[in-house]
Structures are given as C-alpha cells and as structure tokens.
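Read from first to last, the chains carry the letters A, B and C; within each, the first residue is number 1.
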Amino acid sequence: MVRRMSVAAPCKLKASDYKSGTKPVWCPGCGDFHVLASLTKAIAALALVPENLAVVSGIGCSSRIPAYLNCYGFHGVHGRALPLATGLKVARPDLTVICAGGDGDGFSIGGNHLLHACRRNVDITYVVMDNEIYGMTKGQPSPTTAPDWDSELAPGGTGVSPFHPLVIALASGANFVARTFAGDVKGTTRTLAEAIGHPGFSFVQILSPCVTFRPDQREWKNKVHPPPVTFTTDPAQAARRVMTDDGFNIGVLYKGSRDIYGQAVERNAEFERDLDAEFLV
Amino acid sequence: MTGQPGMSFSVALLGKGGAGVITAGDMLLAAAARCGLYGLMIRAVGPQIRGGESAALVRLSSVPVECLDDRFDVVLGIDWKQAEQLLSEIAVDADSIVVTDPAEDAVPHSIAASGAVLRQLEMKELAESVSGGRVNMVALGYVAGLAGISQEAIRHAIEKNIGRKGRQAVDVSVAAAMLGFSRSQRSAAPQTGGGQAGNRWMISGNHATGLGALRGGVRFAAAYPITPATEILEWLAPRLKDAGGTLTQAEDELASINMAIGASYGGVPSLTATSGPGLSLMIEGLGLAVCAEIPLVVVNVMRAGPSTGIPTKPEQSDFNAAIYGLHGDAPHIVVAPNSVTDCVYTTQWAVHLAEATQAPVIVLSDQFIGQAIVVADPVPAISFFTKRKVAEEIPEAFERYAITADGISPMPLPGTAGGQYTADGLEHSAAAKPSGIASDHSAQLDKRARKIADFDYGQHWADIEGAGELAILTWGSTASVVREALQRLPDKVTGRLKLITLRLLLPVRQEDMAAALDGVNRLLVIEQNHTGQLYRFLRAWYDLPADVDTVHRPGPGVFRPGEIATRIDAWCGE
Amino acid sequence: MSNTGKNASQNFTQTELLVHALVIELEAVQSYKDLAEQMEQCGNTEVAALFDKMSKLEAEHAEKIREAAGDVELTELPPWEYRWPGLEPPENIDLAGVHYLMTPHQALELALENELSAMAFFDAIAHDSTDDQVGSLAQEFGDDERQHVAWMKEWLAKYPPPDDDWDYDPDPPAAID
C-alpha cells in the first residue's frame, strides 16, 4: 500500500497555536486532555481562523474546554450549551460553531435541548465527552452510568437503564453521528474534522475516561475497537448497528444530507417604511 | 390626555364561538378610526379555546383612550349562552342599552335587573335574509349606527378586514351590516368626523412592543409560545426576516433565553418574550447575561399568578420576580411601558439600554397593555444613539472585562482578530479568566453595579404630570386608569396632585425621585397586585414622605377610572 | 486497543521517514510539556521537572532531524495521514497513563516505554526498507533512541520504585462547579 506523501493544504497554524495557555483544571490522566489535543489538531488541520471559530459549553469538567482554546468561547450555564450555540450560529452563520460538554450537561439537564438541536439541524458540531459520571460534583451517576454502579448518592447503583445517546441522536435527526475514544487522538481528530466539515448538526460522542472517579475506565483503551463496517446513510441501519454493539465500536456511524436550518435571508431595504404603513387605518 | 366622561362610547359585543364578535369589534374600531375617532378594544374570553362565550369590549372616543370605562353604553348579545362569567366585567345601568335577539334565550338576570333599556333586534333573521350573511355583521352595522359611524367607514373596515376573501364575501358582509345599520339610530355617542381618515394607527400593545424592538435594532428573537406574550413573537417572525434577521422557535424558555444570549454574544441585538412562568424559567439565563455582560431584552407580559394563574387576565404581580428573582448580586434593568402606545417607545428604549450597558433588560408589560388594541395617533420614531461599545481594534494586553470608569468595557465580537475571549458565567478576572479571588469578585461586582447605576437615563425614568403637595405614584397599565381618574376629579382636587408614573423600575433613581417628591407631603401608591409589591419596594429603597398610602388589589379585573377616582378623592379628603 | 492497520514499514520514502521522525519528536516535545504543566498544576513538582527535562531532550532530537533533512522541506500532514504502528506516534506518552501522585520512577517507566517503542519503529523501517538510504537513516534514528533508552534505564536506577500506597490521598477530591 504505497501512499504518496502528497501534503494537504499546509496548516497555517499549529495545533498548539489553538491553545489559550490557560491551565486546565482537569486531573492528570483525564480523557479530556486528549480531546483538547484532538480538537486543536482537527481545527489546525481544517485551518480554521481562531477569530471565526466559537466554542460554546455548559457546566462540568469537560465544559471548561472553551477557556483552554484560542478562539471565541462561551462557558454558559448547566445544560444550556446547545441553545447558546444555536442562537450564535443562527445569528452569525459566518462563524464555525462547536458546542462541547459532558454527559450530565448534555444528556440529563440539557437532554431536551439535544433532541431539538438534532431535529433543528443547525450547522454546529456537538462534542460530548462521555465519562458516565458527574465529575465536578465528586462522582454521581449520570444518564450513561451503568445501573449497578455504586456511589454515595446511589448506594448499590441507580437501578436505572442508561441513556443511549447515539440512538437518541439518530432518532431525533442528527445529520452526522460518530463515537470515538479520547485516547485515540488520531481517530478522534479525524472524526472531529469530518464532523465540523459535515453540514448540519453533527454529534460526536467521545468516550473520555474519568481517572479520578472511574479508574476502571482506564481499561477502555483495551475495549474500544473500530466498527466492522463503514458508515451508513440509513439512520435505521445505523440505529440497529449501534443498539446491538458492545458500546465500544468507534468511528463514524452515520452521515445524513438533511436541509440545514437557518439560512441567511434577504433584507428588504424598505422594511422600516412598511412597518409604519402597516398600522395605518 | 384621556377622554372626558360622556365623550366616549363603550360597546360590548357578546357571543358564543363562531358568532364572530371579535371580528365585528375589530371592524367597529377600524371604522371608528376612519371617522376620526380614537378607541380601544379588548377581548374577554371564557375558558374554552373554541366555542366558548367571548366578548369584544370596545370603547370609542373623540380623544385618545387607553383604558376601559366603568360602564357600557351598549351591550349587544348575539346570544347569552355562557355570558355570566363575562358579565362581571361588563357593568350596565339604567342608561345602558341592551340589544338582544328575540330568537335567542332571554337576557341574563343580572342585566335584566340593572334597569337597562332592552331593544330587540332580529339579528339571526336579518342575517339569513342575505345569502351567506352573518349575524356578527348585522350586529356591527347596528352598533356602528348607534355610534354615529358612517356607512362608508363600515364598508371600508369590512373591505380591509376580509378583502382577501374576494369581492363577493365583502358585498355579502356589507349587505348584512347595512341591514343592522338601518335598524339603529344615533345614540349619545362621541362626535365623529373630527379627524381625518388615514392618520390613525390601530395597534395592539404586543405589536407595539414588536415595533419598538425592531426600531431599536433587534434582529434576533427566540420564541417559546405563552399567553399573553405570543403575539409579540408571531408579529416579529415575518418582519424580522424582512429586516434581515431571524426568529427561532425554541423548545422551552430555558432554550429561548439562551439562544437570545448566544445571538447577542455574536453581536446581534436580541430579544425574547414571555409571561410569568416563562420568566421564572429564564431567571438563570438572566443571571448569565448579567455575569457574562451580554445585552438582552426580555419582555414579560404579566398575567395573574402565581403558577399558571389566570393566563388571560392582567396583574402587576411579577414586579418582585423581575426585580429580585435573580440569585447573587445581579444588577440589571427593569422598565415598564405605561400605555399600549408607550410599548413602542419603552421597548425601543429597553433595547437601547441593553445594548449600551451590556446587560439584560426586563420589560414588564401586562396582559391588558399587550392584548388591548387601540386607535391612536401614529407613534413617531425616536432616535436613540443605540450602539454597543464594541472593541474593533484590539490593543495589546486587551481585557474583555476591563475595569472602566463607567463600568462598561469594550466587547469584541466573534470575527474580530485578537479579541478571542471566553464569556463566562463563572466569576472572572478583567482578562476573562475564571477567578475565585476576592479582589476580582469585588472589582467585577462593582463594575457591573456601576454601569447600571451611573448610566444616564435622562428624563425617561418617569413621566411626571401636574404639581402639588400630594403625589400619586403608579406604573404600567394602571397609569392610564389613574390618568383618566384624575381627569374626572374636580380641579380643587387635581390642582393639588402630582402624578409620577415610573418607567424605570430598576435601578432605583434616588436623586430623581427626591427631586420629584420635593414639596410632596403625602404619597399614594397605586398598583394591581395582592401585596403592594411596588409600595414595599419604594419603602425599602427610597426616602418617601412620612405619609404614604397604598391602593392595591389583584387581578383579574382591571382597574376602572371610577374606582380609582373614588379612592383618590377619599384619600385627598383624609 | 487493536491496531487500525498494518504499518507498511518497508515503503517509507526518505521524505516520509523524515516527516514521521520529526512529528514523533515534536509530538513528544508537546506531550511532555503538557504533562509537565499538568504535574505543576497539581503540585507534583518533582515529576513536573522530569517531564520538562524530557521535553527538552526530545526538542534536541527534533533539531537533529531538521538538520538531517537539510534542504528537504518537511510539511506536516493532517494527523490521520501518518502511519504509526499504533493509534499514536510511538514516542507519544499516553496522557491517560499518568496520575497526579505518580512518582519519578513511574514517570521514567512511561518514558522508557516510549523510547522503546520509538526505537522499535525506526528499527523496523531500518530492517524492512528496500531503499538503502532510507534504511541507514532509520538506523541512525533508531540508534539515537537506543541512546535515550540507555539514559532512561540509568535514571530509573536512581529513583526507588513506588510504595504500595503511592496513590493514597487521605483527602477527598474537591467539588468545584
């Protein structure tokens, strides 16, 4: 397999140029460091201009990511990152908008917004760093936590079935659906670059281990595996595939081609005069 | 100023669903406008979405009117099926005319007992005599005749309202209306013909709010439907598009306020509109806009609360929520329009304040102001120098939340090279880095407080009328009622009275208030809620005269001028 | 984690080898630097200093590769176009392999592992390449890594292995949001 070393469009900025220099609050070993590395590599590979990129988040460990990036950022309130990103992208379609957060932020308190963001299909990329835990509040079960996981808040486990984010995203109309593993920087970088480039609402679930409250997740690197087949454009097939896998298939699952919400409209130069005329009797 | 007693003419049109009384009321108002009259209409409804009894309460006058009268000159019932609940709002007396169809049930007992003059009008029969004729058009013609409105004006109003349905539909309606008209005779109605056709506006408070928003430069709105605010958003949807902006329907109010914050962060003046329960959901977002310093306008069209309360009726009871609802020390601005037409001005001012101070502004409208439709003089466009302080050139060592003398820091918009920063709900340093350090916290708290407190609100903070040692202080929709009440009182009373209508509820204006209350030794605070929310706020924040009284009662019924005049008269005599 | 594809180590051109070698070193420079910062942030200054030193060491290597390239322009590729034996460049320390209480001994063990994998990467190319020039360049790079391996082993001997309770922290984690 000989591949020509055809060098793609030269990257103007290096991945490290997309870091703000602010030191992360994350624990050493946290998967989110990998995600930060992958994200900066992906945006460097896409040669995105820092001032034309906005990263929007909610609350939680992973939601701290905008401050660590050299771009416009918004660290909003818990669970509301997607509406914040939606408003920004609809009002400023010229920007590249990425929304980021964790499983608690995105699937629990912000769960409703996920459904409607998928439906609406605004051209944003939503990156969820899923560690199956609320880390910043010291380890409570989240919607993706296994029912028997023991914790102080739920001794003996919650007994509640986990949420299946990829299936929910597919059923709700997301236009690009993928799962990656944080430790696979190369794969995550590639998938993020693809997701950002794909029109419409792109959803990327990144399995991102929490080494502090879920040291067992250090084993994820031995569990993940690429999918046996390539992506599909049939959401039903994608849903079946992901419903029946072991939860550790990584790669792009689905690529759709739905119409994008919020295209720029033509301004009517006379609109102010028309407004006044409308009320005359 | 408002109408004198006897110069206005109030008509209530009642009927069950399908009777078309609201459409008839609308046309009556438009026809009156064409004859140079002013007027106001509100829709009173029962609990049903469709089919229930409803009423168009219309008041016509030769001078501008912004509230209902105490009583009705004419009450026309197309039927009286479920009228009892509505009749509590429709006072009649021996001078009133009650019009009823002999083919329908007898008039309700409360009306019969009032001594009102009963007139029979075979509305159903007359309507059926025109092929495709409708009973509401017969009613329209009849009451228009009583009000002295010309046939040409009626025809014009019908044409304007249903012209899109085609020539035949218009002709049929006009024919039915003329049958009603021919049966009526001029009653004691205001003089018509004083004005000129085409120089009046017909506008609801909610549409006026939308107009103010657009004039102020709003180009993004996020919408979640809620009574009685929805019309603001529905009106804005196509017009924002026309203006090159957008309206996005959100999945809930949590989303709508955050969408508006996101859009405004992007540099686009943004708004959302809601009512009490929605405001409660938006409070967290308001706090975010305070902390991250994002300009934002939230219109709250108050309805009777708490909880779902009485969604179709007004109450000035979200005052406390708007002022005190936010957690933390969260300086923001609260303004209130004081009439239907003032919604244009106050909303535009709200956009100006939000953009200039980089803070959220709550506009406290209410169901009455929002859903009433008035015929009024056109509201001229006002020019504010509305411009956000934007960082266009980014200097070395730029700080987004720099500590400035006026507390307002230049804001870089996405797309501005070198201005990259993360807006944050976390407390932060001047350089926009998260910070839990005491000095950063106090510096940012001070800055955010200063930019609101020190802003130049000019004379817009209150409307002040009259002079004297007695003062009445009020706000919102109650103000129009108080104004009219004062018109009715003798000069020996009103000559001693000053009326202060607060437009700026927050921040407090202690110096302005001290000047306004100079020489005042007694103060009466009038508002529509159960606990006297404004009264208690004033006592907490302002130096008031030693003698302060309060008139406050909850909704759902709006204050009427007679009721307020009686209270003021009694208070002045104390 | 399974490999995403067989590394065709025999098919590297000289430019490709140089680009890969440079990226290996640059990535290592960055990841050691990141780890040094992380350790500094959570108060493990001893390990932070060690990672910092490693970062500088790798930077010297990177410089050497640039020299070897001479006039050949080395342009970075999109990250997914590199051909590594695993998911990551061989010398790239696993960010997930660290712990805030880790000891210098453990840090050096990780570093040693990286040097070994880098060495294996170059050795495989040296062994498999059909191009003599590429083979000898790979041999040279492999020898440099061998030198690093020797140093790591030397340093390791100076630091005692961790106690059994090296990761014991009597205090609970902090809740910050």
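Quick note on the criterion: a contact is a pair of C-beta atoms (placed from the backbone, for glycine too) under 8 Å apart; a residue touches a chain by one contact, two chains touch by 3 or more.
Small disclaimer: the values here were computed from a predicted structure and weren't measured.
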Most central chain, judged by mean C-alpha position against the global CA mean: A
Chain of greatest Cα-centre distance to subunit C: B
Rounded Å distance between subunit A and subunit C, as computed from the means of their C-alpha atoms: 29
Between subunit B and subunit C, centroid-to-centroid distance (C-alpha), Å: 68
Whole-Å gap between the CA centroids of subunit A and subunit B: 42
Subunit A: positions in contact with at least two other chains: 59
Touching residues on subunit A, where the partner in the complex is subunit B: 20, 22, 49-52, 54, 56, 59, 66-67, 70-77, 79-80, 82-92, 94-95, 112-113, 115-116, 120, 262, 265-268, 271-272, 274-276, 279-281
Subunit A to subunit C touching residues, read off their complex: 1-3, 5, 7-8, 10-11, 14-16, 23-31, 33-34, 37, 41-42, 45, 59-61, 136-139, 181-187, 189-190, 193, 209, 211-213, 218, 221-226
Subunit B residues within the subunit A interface of the complex: 30, 33-34, 160, 197-203, 207, 211, 214-215, 219-220, 222, 239, 241-244, 246, 248, 250-252, 254-268, 270, 284-285, 287-288, 292, 375, 378, 381, 414-426, 433-434
Subunit A contact footprint on subunit C (complex, rising order): 1-2, 4, 8, 11, 13, 15-16, 19, 30-31, 34-35, 37-39, 41-42, 44, 75-84, 87-88, 92, 94-100, 102, 172-177
